[in-house]
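Listed next: structures, encoded as structure tokens.
There are two complexes below, and they share chain A, which is joined by chain B in the first and by chain C in the second.
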Partner chain A sequence: MTEGHLHEEIDRHAHTNPLSKSSPFTKLFFVLSALVICVSLPSPIVPLAVLSVSAVLILFMARIPISFFVKMLSYPTAMLGLSCIIIALFFGDGEALAEVPLPWFTWTIFKNGVTTGIATFIRVEGALSCLFFLVLTTPMTNIFVALRRIRIPAVLVEVSLLIYRYIFVFIEITEKMTTAQELRFGNSSWLTKIRSIGLISGNLFIRTMEQGERTLTAMNARGYDGTIRMLEDLPKPSKAALVATVLFDSILLLVSIYSKDLLVV
Partner chain B sequence: MHIMEGFLPHPWWELWFAVSIPVVLYGIYRLNRMSKTTPEAKPLLALMGAFIFVLSALKLPSVTGSCSHPTGAGLSAVVIGPAITSVLSLIVLIFQALLLAHGGLTTLGANVFSMGIAGPVVAYAIWAVAKRARIPSSIGIFLAASLGDLFTYVTTSAQLALFLPNPTFFEALIKFGTIFAVTQIPLAIGEGILAVILFDFLAKYKMELLSTLKVIRVPVTVPAKEGGK
Partner chain C sequence: MDMPFYLENVSHRYSDGTLALEDVTMSMKRGERIALLGPNGSGKTTLLLHLNGILKPTSGKVHFDGKPVEYSSKALLELRRRVGFVFQDPNDQLFAPTVRQDVAFGPLNLGQSAQEVRRVVEEALDTVGMAEYAEKPPHFLSFGQKKRVALAGVLAMQPEVIIMDEPTSNLDPRGTSEILHLLLRLSRERRISLILATHDVDMVPLFADRLYILNKGRVVSEGTPRELFSDTQLIRSVNLRSPRITHLFEVLRKEDGVPVDERLPLTIGEARREVLRLLGILQDDLTGGSEVVSPWRHHPPIKNKRG
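Here is the complex of A and B:
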């Protein structure tokens, strides 16, 4: 389960990095504003600026090892690269950049297809690194607290917390069942393997649900009334960070006004 | 189906938020009501959420700025209704963006629309028709889950084609649709089979809960009259 391991590593960094104790509001404010600017403005300079600032924050402020940051970025970048090459080579209209005569049709590469491909690549890299800053520096529990502070309906936070818990119950139970089946030669042949997978998927469902029902009974017994109370000892948002974010956003806006024609789509 | 963070530029990302938000708000209203009238359904809700999370994290890469995977939202739509499923999908997609860096925050609107609204609505409609037509529940569930999954990918293709409508929207739609279809048709069939297995398990062990939620009708067993013949 590579996903699971990646997730564990992300979670470990989110809890242990030097920025994990800082206010989630400042981080959310920076990330959301930068994301919106990054995807809304046509300038290619803006995502590059967001990418470099996020990388500096991730590597030097949060002290995430560069190898891990590169590892996280490499998989989406590879997929994105392929997608953008496809966009550049097969999409577009208007002015042609090159025409390749093939036996059955003429393959035309369009100028605006290529610019769209490049612009998309840069934009996604900027947005991704910005998202990674949030992912790598902020523990999920802090995000829950922040959501509750901004008056998200209580039922939404409650269901989110339950789903969050269940995801881990799912993973735990799957691991236990897989081990048990391994020990009893459950994966010894192709047929038994299919049967094992069927058994796991059916039982996993019921087991997880029953585990959840027991948790809910235990919570009800302790006076649960629909609100899960959490210790909300969040630090105050740092004024300096907020001011710096506003400054950074305004610079981005200014830059984009002067560089909007660099990659005309 | 998760469109990558930042892949959709202005105005597309705002548009999909605008389309999804009203549905999600209605879903929150329904969720609130359900958590008051049938609080015993909460574990089932969370289970459906976790199920969607796990299934839609099993991704195969795709060269469309997106990816291919089962969604699990079809089964959820049948069991708890499409409105609440849209809320669960929103939560799951936020978790995937924040925990696995899979999908994104600016593409949340588009992803919620395809996985949490379009697919589940189709799945629910198919299930409703199948129930009305008295088609066996396993066939109904299979069709609902697999066609709902496929429709999610048709929607994603349309979203991508709207963003890159060249040479025309329809040609782009067919290009994206063909790329997805290669991996998605077998995945949708797999998801349909899995949904049938899981629905049978649920119907067997959680019959009362499902009948409270009006998913299935439990045959009423009349207790034998005392002193009868």
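Here is the complex of A and C:
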């Protein structure tokens, strides 16, 4: 497979994987329930379980290459890792884990700070992995139709739909502008680079406004009246998958009851 | 009345004060293919935007199907169903996450049933040869493919008139020829009236029954391609040029004294006929319909496409 841009790769996987034709409702039900359980229960086992199940689904059911999954997970993980290290080292109170005497004050690392750091990390990874499952296996159009069907406010869905489409247009424009700047040495030093980025951002902002107007004109020309209507051709939800999700969620709940004190030191 | 469009002294002044159209009068018969030819900034797009009520004339009147255009939202919906508009940049038009959803947008706005919409969407995609891309997001398509999908989005509303702004700009030769043939097919098989804005002068004689030349917001001239392209002075005065092939025959006639017919050929087909005539192989002139017997090759008789 050719190495493309991440956003294009994600979209291609979403459209071509073996699960892309399965019901978005089933997938949304799994992802949303797992997400809620994952971030709302204290047990560290639950997010790990969600992570493993999502990984299995992504790698074996949807047959996404492991390298791609790891690459996708690596970007948020890097940011998350940094934040969690800061939480672990600088937050918390009560029992101290270590005290580092510095010339002007004593830096205390707290036990519950470290716990919070680790717990946050695991939880976010669990939540991310199940969201990635949705994103990597479901064409966006199906997600939009399904969201609308489960009564998510139309305006939210419509805005996301337009954002999804025009992100690709604007990434392309940005790439062209960046190349044009590079050809004229816009990145030759750190200062010019900063200036170049500023110019692109300003330009993009104006371009988005113009694009918005042109798109609206074109939509009006086809009878737009304030509501984007969509064809709702969705595959039927699989009962087996729904039952499996309910079972999985119940197990998560049970596990969380028995393991809620695991990380609390 | 067999006249979908009649524009009566239409002027348009943008809110910034620019007078983009000045006293434009034009008409269009049903089933006609019209080209608006003009340099950049001559007001072609502004004129087109009046035809389906996106712009309202500052003065003058637009008539459609014998009645003055009304600008109530209900009347506009009806007008826009009957008059489809394909924009120059397909990215402006394709906003939906998949090709199918985009083509369905228009028909769904007209309140057709899902079943009916599915049928017209399928048919429209079939017509433009994009059926196999129905589930693809627009950003996976080439420019030419996007352009055809944009056309399908309009076709799905089963319009009587299709307006296209620069249908061949940014297209490669193959894309250009595909769009052109598609438009000719729609015109011949479904009697859809077509209005194109363009500065692609080589394409105009292949396509248009009649053309309007615009410059600085005014209609400078109106007539058949043959009438207008023989007036080289006029064509050059508005920063346009004749078709390449016409120019060649003009040079042959003026510079080299070749006895080229006064009515210069505008298309490759006409040029071929003229060359054969000059070589003494074809007796008739280019408007004739006689069979060609070439001494070099046996080939099927040339049919005169443009009567």
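We adopt the following convention: the second predicted complex is superposed on the first by the 178 of 265 C-alpha atoms of A that agree within 3 Å, B and C clash if a C-alpha of one lies under 4 Å from a C-alpha of the other, contacts with A are read in each partner's own complex, and residues count from 1 in each chain.
The criterion applied here is as follows: a residue touches a chain if its C-beta (ideal position, glycine included) is under 8 Å from a C-beta of that chain, and two chains touch if they have at least 3 such contacts.
Keep in mind that this is a model prediction, so the values were computed, not measured.
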Which of chain B and chain C A:144 touches, first, second, both or neither: second
Partner chain in contact with A:232 - chain B first, chain C second, else both or neither: second
Chain A: partner with more touched residues, chain B or chain C: B
Touching partner for A:11 - first (chain B), second (chain C), both, neither: both
Partner chain in contact with A:99 - chain B first, chain C second, else both or neither: neither
Chain B versus chain C as contact partner of A:175, first or second or both or neither: neither
Touching partner for A:221 - first (chain B), second (chain C), both, neither: second
Overlapping contact positions on chain A, where the chain C interface meets the chain B interface: 11, 140, 162, 164-166, 169, 215
Complex interface listing, chain C residues touching chain A: 49, 52, 54, 73, 77, 80-81, 84-85, 87, 89, 91-98, 100-101, 104-106, 108-110, 114, 117-118, 121, 135-140, 153-154, 157
Residues on chain A engaged by chain B in the complex (per definition of touch): 3, 6-7, 10-11, 31-32, 35-36, 38-42, 47, 72, 76, 79-80, 82-84, 86-87, 90-93, 110, 112-113, 116, 119-120, 123-128, 131-132, 134-135, 138, 140, 143, 153, 155-156, 158-160, 162-167, 169-170, 198, 201-203, 205-206, 208-209, 212-213, 215-216, 226
Complex contact set, residues of chain B against chain A: 4-10, 13, 28, 31-32, 35, 39-40, 42-47, 49-51, 53-54, 57-58, 61-67, 87-88, 91-92, 94-95, 97-101, 104-106, 164, 166-167, 172, 175, 194, 197-198, 200-202, 205-206
Parts of chain A lying in touch with chain C, wherever the complex brings them together: 8, 11-12, 15, 139-141, 144, 161-162, 164-166, 168-169, 172, 211, 214-215, 217-225, 228-233
